[in-house]
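In the two complexes below, subunit A is the common chain; its partner is subunit B in one and subunit C in the other.
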Partner chain A sequence: MRNMIILLIAAAALAFPVSAEMSASEILKKIDLQESFRSNYAVMKQIITTSGGSKRTLEMKAWAVNNGDRQLSEYLSPPDVRGQKILMTDDGDNIWMYNAETRRTRKLGSSMKSKKVMGSDFTYEDQNMGNISTKYSAVLKGTENFGGAECYVLELKPLPNGPSYSKIVIWVGKTDFITRKIDFYEKGGTSPFKRLVMEDIRKAGSKNVPFKMTMRNLQENTETVTIITEIKYDINIPDSYFKSSALGR
Partner chain B sequence: MMKRFLIFLCIVMFQVYLSADDEFGSSAEMNFAGEEKYPQIIFSGYVENTFSCEYDKKAEKESLLDYTRVRLNSSGKLNDNSDFAVGIVGRMYSGSTGINMTEYLPEEKQDDLNPFTAYIFSAEYENDIYIQEAFLTFYFDYFKIRPGRQKYYSGTGYAYNPTDFFNSKNPLDPGYETDGLDGILISFNLPAGAELECFYRTGYRFEDSDYQTCLKFSFFSTDAVLQYTGIILNRTDFEMADADAASIAADPSLYDSYSTDYRIHFIGGSISSDAAGIGLRAEGGYVMSSAETSEMTLDYDGNYEVLLAGFDYTFEMQLYIIMEYYRNGAGVNHEDDAGLNEIMANIAGETDSIVKDTLFTGVSYPVTDLADAAVYAIVGLRDRSVIINPVVNWSVFSGGMLEFSGIIPYGKKGSYTGSLPSGGFIRAKVSF
Partner chain C sequence: MRNKILEILIHFAVNRRKIIYLSTAVITVVMLIFSFFLKMDMRWTALLPQNLPIVKQFVNIDTNFLQPANMIIAVSGEDPVMLEKITDEITALLNRELVADDDMSMDEIKSTGRYARYIYGKLPEEWLERNALKLIKPYDTERIGNIFSDSSLAGYLRGLNDDFESEYTDAENVADQERQIVSSLNGLENFINLMNKSVHGEDVPEIMIVRSVRDLTTGNPYMLSLDSKMALIMVASAIPSDDAQTMILIDYRIEDILRPLQQKYPEYRIERTGMTAIGRDEMDSIGSYTAVLTFFTFVLIFIFLMWNYRSITIPLLNLLGITAGIIWTMGIIAITIGTLNLITSMMMIVLLGLGIDFTIHLSTRFQEEISRGNSIENALRVTIRETGKGVITGALTTSAAFYALMIADTPAIVQFGFCSGTGILLTLLSGMWLLPAFLASRIQSKLAKGKEVRKIKDLKSISVIAVFMNRHSGRVVAVSVILFILGIWGGSKIDWEWNFMNLEPEGLRSIGLMDEIVDRYKLSVTTSMLTVPGIEESRKLSSQFKAKNVVGDVNDISQYISRPDFDEALVHLKNLKVSARSDFKFSDPDNPDIRQQLAEETDRLWANLVEIQALSVTGGQDRIVEKISSLIGDRDTRDNSVMRKLADDLLNGNADWKNLKSFSDTFSHALNEKILRMTENLDPVKENDIPKDILAQFKSKKGDSYLIHILPKKNLYTRKDLESFQSVVSSVAKGVTGNPQLILKMNTETMREGGKAVLAAAIAIFFLLLVDFKRPLIALLTFLPLFGSISLTLGIMYIFKQKFNYINMIALPVILGIGIDDGVHLMHRYLEGGRESLEKSCESVGRAIFLTTVTTMLGFGCLMFYLMRGMASMGFVLFFGVGFCFLITITLLPALIKIFDKIIFRKK
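== the complex of A and B ==
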């Protein structure tokens, strides 16, 4: 009888290897809490490697408030895109693009969310992850060491009206709840077609931030490395920054 | 009129004075986290070369034009409350620099022309340097003022903007930049994110000036604009000028007597929205002409409606589609109904379509990481004429672009579209 109980306990432990730990939804909330911010300002560099091996470097500055619910980015270089601005509000449901050369602002259909931004491997919706607990349902798949940190591995499926991916799998630190890797799956895909790896995690004010993000398109063999060169949190950003009519300012 | 305008100006300037005190006092807050350092002045520009080729089926000859354009730009912010921009453009042409508008006419209409008409409807591309824009903007709590030469647009359509009476747009190259307009823009911030925008373009006198007022607001995922425009347009009576071509050839100043300025009043608006991921756009309204009936053959004094409605969508495979229907109430039903006035007005850029109902449609796809291929079509819905426009954009290197654009017209033999030359252009551009 005693052997039977031990066997049952062992079987349960095998079936639910992390049941003693946090639930998937609790982990998602912890991630959202870790990544939440009132406002931030960042200067970034994006190095795009094309399938042919050539490299492009884009530089931009970006402002965001309410966890990225409203965000504005302005390209600083190269010269052909200098001054172009992209404004996203309502968690990316509304997108406007401002062309500095023609001085025209154009509202884009929200289907553009799945389109690559400026030839990079990031789509508009990748730039607007927001609160993932409100966009995905999660299943905890286990734990794994990644990038020197013990991580929870979660499989996330989009909720109705959620992101366009069929699912994403994320690796998130067990102690700091910082996302370190995301695998993106297309509809009908059994293996990931894109992979985002976050590195160089450092303190920025009171927050831990990955200063280097590498998005690889595993199908097209392209890569975009985003490096944050400056970031500030909890700064005062006027509301007028996020008005489409002010893009030409 | 003058008195009213001066009173208005005084009120505005008083508001400027009051707001200036408020705003400059709060500039420390705007200069958040100290990351904006002033003055910020940027020098930029581009060099662009366009090689175009047209093949005239009627004359069985090609026509080549090489066009180089240089733009030097400087823009910047002096502080949180003001900015400026100056753009200088230089243009150089070589090759077939003489343009004879009558060559674009159907053969039958060419045959009917006065022998002197080809001469009076000719023009020459000349090298020039000019200021494309030069403006400064002052920002205040509740409004901004932008005097100077500035780009000013209306409408939400991609290929056509029937609510934009200040600029002309080529649907075969709709994204190309236009020149600035000399005027003053005042934009007032209203509650709930709305905005009242007034634009005034200076004429010889107040009664010759152009003006536009727009109320801009948003609801749900929709940007909306209500618009009133008063503007003086110009049309040429080409039929009368053709009849009197010999006299005009002898005394070119007579040509102006066949050109008529007339004021229109436009009430309309535009929206830009989104439904289930589909981008929706519409603009339109009603044009009322104040022209008096003249003895000329040109019928420019009628009221008419304009409308554009369209959508675009990006599929997950990155394929982009766009479709726009354009209704020009001043157009003719069928190309066969178009006389010399209607066709020449379109060639001269006085109108943007000959027929009433036009469809613009296209697909675009990123064929490589750095190149997009697209095919657009302009379809005359009633006469089934079509102009096919294949376009390839290739980002050759950072700051360097190559663009190929073809123009392949199809239409009934003897029709305007059927008589248009085939051709296209290759454009190379380096920005700095």
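== the complex of A and C ==
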């Protein structure tokens, strides 16, 4: 599931030299281009740390197609959630949840997009950022070094009917267009309430992918670390994987 | 100036002893009278800056609101029905024996022992029945309306399942509504168990079904734990919490009152906890032990001194000399500050340890001079002029070190600095004023009786060590530097003790019970509080606090008052009333359709619970997971769970349908009746409608503000927990206060100011050394053993896995204050004797500094055996700190003297 973010922020190659005069919208398009993919499959684990310091580890595998327009994740552990599946289609507008034990599928309301997924610090819409150039307007705020890479710093405000955040600020590599950091702002907030940091950027096939992502809720002192243990691109995934009626199979 | 004073002292000791005795007696009696007015203030707030907003707010709340969480009675046992019964009995008994009348004066309250204002055993059931539905959001009223619109058994289960499926769809929804889910699961668990009994042919008494209906509708009015094996009763005291001595009495009284009930119900545990009970248990466990320990310490020191002086009288005179000074100190503290706090209450031990050093130096030198054949007058002159100088320098540097602590902002440290600094000066004064006269009188009396004056044997071993170190100065310095570096490295690894309970005596039941409450309730009773001017503000903030995941629960007045949008809820309430009146029907389990419905709805309920449990596991809602587990087990034990078996038996037709019909009829009837009573009066609930004991929990005595109680999910024992909790509650509102905030502040202030205090003490000592010796190099050489002692003490703390805490942090400047004496005396004697006098100086001073070190180490060392772990840690630090000061003075200082003696004497 979380691989969707990775896929969206991952750069496909380093082969697009950019002039220093790029506009914010051009940078957004570059990001979208670099992060686009046809399909992928990933295995990952997610470590959720509560504000009290207790930790829970979830393991899952996930499939996605079409830049994450349709994605399915299945939980492997802990035992109490083994077999549970979450299906998102139509860019996150439709969400279904399947419980393997009760064999029931429930459709969640679209209001759930801004809710946390399975107690983590990621929301459904965080997992489905899609083409950001179609969801946000951007202003280039400057450049800054982050995580050892020279980055563009962009302030993104959602377009009408866009994501629920009041704005996000992203740090994007100037040469590889990989997103290194995102600060999330709530409505009325003057400082970020969540921060996503992408690290351990490595090659996966033809793409550069951050294998570790840390989402930290700065208000509640909680943290979710997603670590990819396996990822493959451009594989064939049957359409039936993304049908709610087939979740029980 | 100093010489003039010394001459005056000599004059009085030689010629005017009667004046000394008389003046001492008068001053001591006056100060003793003043010291009777000294009060003990053991509150946390007394240790923190009084102008801090959290302290002001805490004191304001403490004064203006009741604090029922300070005294808690926990009843635990297997049967929840019995827990309710015992709770009722305890409540009635305490109401009869302990609660004061409204018009009672404080004196009457104290004289009658009616120390309580209210007893909170359960919420008033009738009031809840009349008003519970009028206190919730319109949306929730609609949900309740849907759940209870059909009061038949199958209808109720259907309504419940519909609600679960529409509401609890995701981990975040489950998290947001954790309290509601836990509350409904409490009632559901009991209901399922009764239904299960009925399906399997057991008779279920009507009263149990009625009780179950109560729990499903208004909720259980008792403060029952999640596992229904513990009930809590809170006692709101009528005594202000700053009256610590009476507060302790309340706990004794409660114990007395409850003793017969404990005997009546031996299968159930009736125990006390809360800050008052912890305070009392602490006093009980250390009280008699402390007295024995102090007596033992005195005896040990006395025997040691007796052995040294070969005399009973000299140790007695030494102790008398400083006892006067300690009494003067208490008198001065009574006049100036008026109270002793948690830290300054240890003053007497510290002063005893420090003051005895002065008298030992004086009496040792006096005995030495007399042994050499000097006359009493000459012996007094030499003692006061020569040793007195060193004693005064030592005392002044020590008191300066303590006075330097007064630059801190924290009253705990400021008062400790003032009391210790003043105490040192007064014990110095009493020692210098009284002891020479005592010693002279004693010798005079001995000579008059023709008795022999025993000679004190030299302590050669110290000078032998010093000379050895002097000869191997290079190696000694090298080894010392390595050890100091290692010590500092170890010190940098020492953690801070954030769990205040770890400073208390081990194994206190009242503390253990606090942890047990967290286990059973999944929330801590260590509350944080906030006052607000209005009810709606209280409602708004309360809702925001509840949304935070570190918060276990929030109690405020708005829970008991209808919401401003009550009119929207009214529509749903009216509908519910109509449906209860008109649609009432018994479902007939004889009817196959109804049987099928019952089976399907039970199976559906099982599935819903499984899904909610899965969402709770991922969301970390442990309370829900635990509660649901009692019905459906976990993934591996599902098939054997009560719920699964019940659903399977109904689906397979293996049910006692006749019995179930009886259960169903009683349930439906009771539920219908209950709904009718709950919807009888649909006027909104206002402040005036709230029972006065509930109102008193939230409304200030002046009536101008309301209190919000915020309960953390767990006891906050680590820095991370404390800071997270504080950061989260502060993000909602400023001004939240309570024990978590005070503990956090207390620790951070002591950490910050403790370091500052050590530095200030060190600077003050160095400055005085500079003034005394007038040579920076000599001042530095004399100072170095202190630095070394601190670093080695840190090292030994690291090796023995000791942590810093707010008590032993105070010990570090104390080490500086005590330890400097050794170096000062040795250096003075060395400078007095000349370049080749190291051996002689060590022979002469060695005995005294050895004696002072051993007595101080004995005094502080005994603290290590204190049950109170905070005090024991202070004993540990002082024991090693003082010991290292001595060791370094007789090892490193002679080595340094060797290296620098040419410079010292060339310039001189």
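To be clear about the criterion, the second predicted complex is superposed on the first by the 229 of 249 C-alpha atoms of A that agree within 3 Å, B and C clash if a C-alpha of one lies under 4 Å from a C-alpha of the other, contacts with A are read in each partner's own complex, and residues count from 1 in each chain.
The rule we apply is simple: contacts are C-beta pairs under 8 Å (C-beta built on N, C-alpha and C of every residue); 3 or more make two chains touch, one makes a residue touch a chain.
Bear in mind the structure is a predicted one, so any value in this text is a computation, not a measurement.
When both complexes are superposed on subunit A, subunit B and subunit C occupy overlapping space and clash. Touch criterion met: A:Asn94 reaches subunit B, while subunit C stays clear of it. In the superposition on chain A, contact of A:Gly119 is made with both subunit B and subunit C. By the touch criterion defined above, A:Lys203 lies against neither subunit B nor subunit C after alignment on the C-alpha atoms of chain A. In the superposed model, A:Glu220 makes contact with both subunit B and subunit C. Once chain A of one complex is fitted onto chain A of the other, the partner contacts of A:Leu108 extend to both subunit B and subunit C.
In the overlay built on the shared chain, the residue A:Pro79 is in contact with subunit B and with subunit C.
The partner of subunit A that touches more of its residues, comparing subunit B with subunit C, is B.
Touch criterion met: A:Arg56 reaches subunit B and subunit C at once. Aligning on the C-alpha atoms of chain A brings subunit B into conflict with subunit C at a single listed stretch, 169-177, out of 79-87, 133-141, 169-177 or 205-213. Overlap of the subunit B and subunit C contact sets on subunit A: residues 48, 50-52, 54, 56, 78-80, 82, 99, 101-102, 104, 108-109, 112, 115-116, 119, 220, 222. Residue ranges of subunit C in contact with subunit A, taken from their complex: 165, 169-173, 175, 548-550, 607, 610-611, 613-615, 617-620, 625, 634-636, 638, 713-714, 718, 720-721, 723-725, 727-728, 731. Chain contact summary for the complex, subunit A toward subunit C: residues 48, 50-54, 56, 58, 78-82, 84, 97, 99, 101-102, 104, 106, 108-109, 112, 115-120, 219-222. Subunit B makes touch with subunit A in their complex at residues 29-30, 32-33, 35, 42, 44, 46, 75, 83, 137, 139, 144, 150-151, 153, 156, 175-178, 187, 193, 195, 216, 218, 221, 223, 272-274, 277-280, 311-316, 318, 320, 366, 368-370, 395, 397-401, 429, 431-432.
Against subunit B, in their complex, subunit A makes its touches with residues 41, 48, 50-52, 54, 56-57, 77-80, 82-83, 90, 93-94, 99, 101-104, 107-116, 119, 164, 186-187, 220, 222, 232, 235-238, 243-245, 249.
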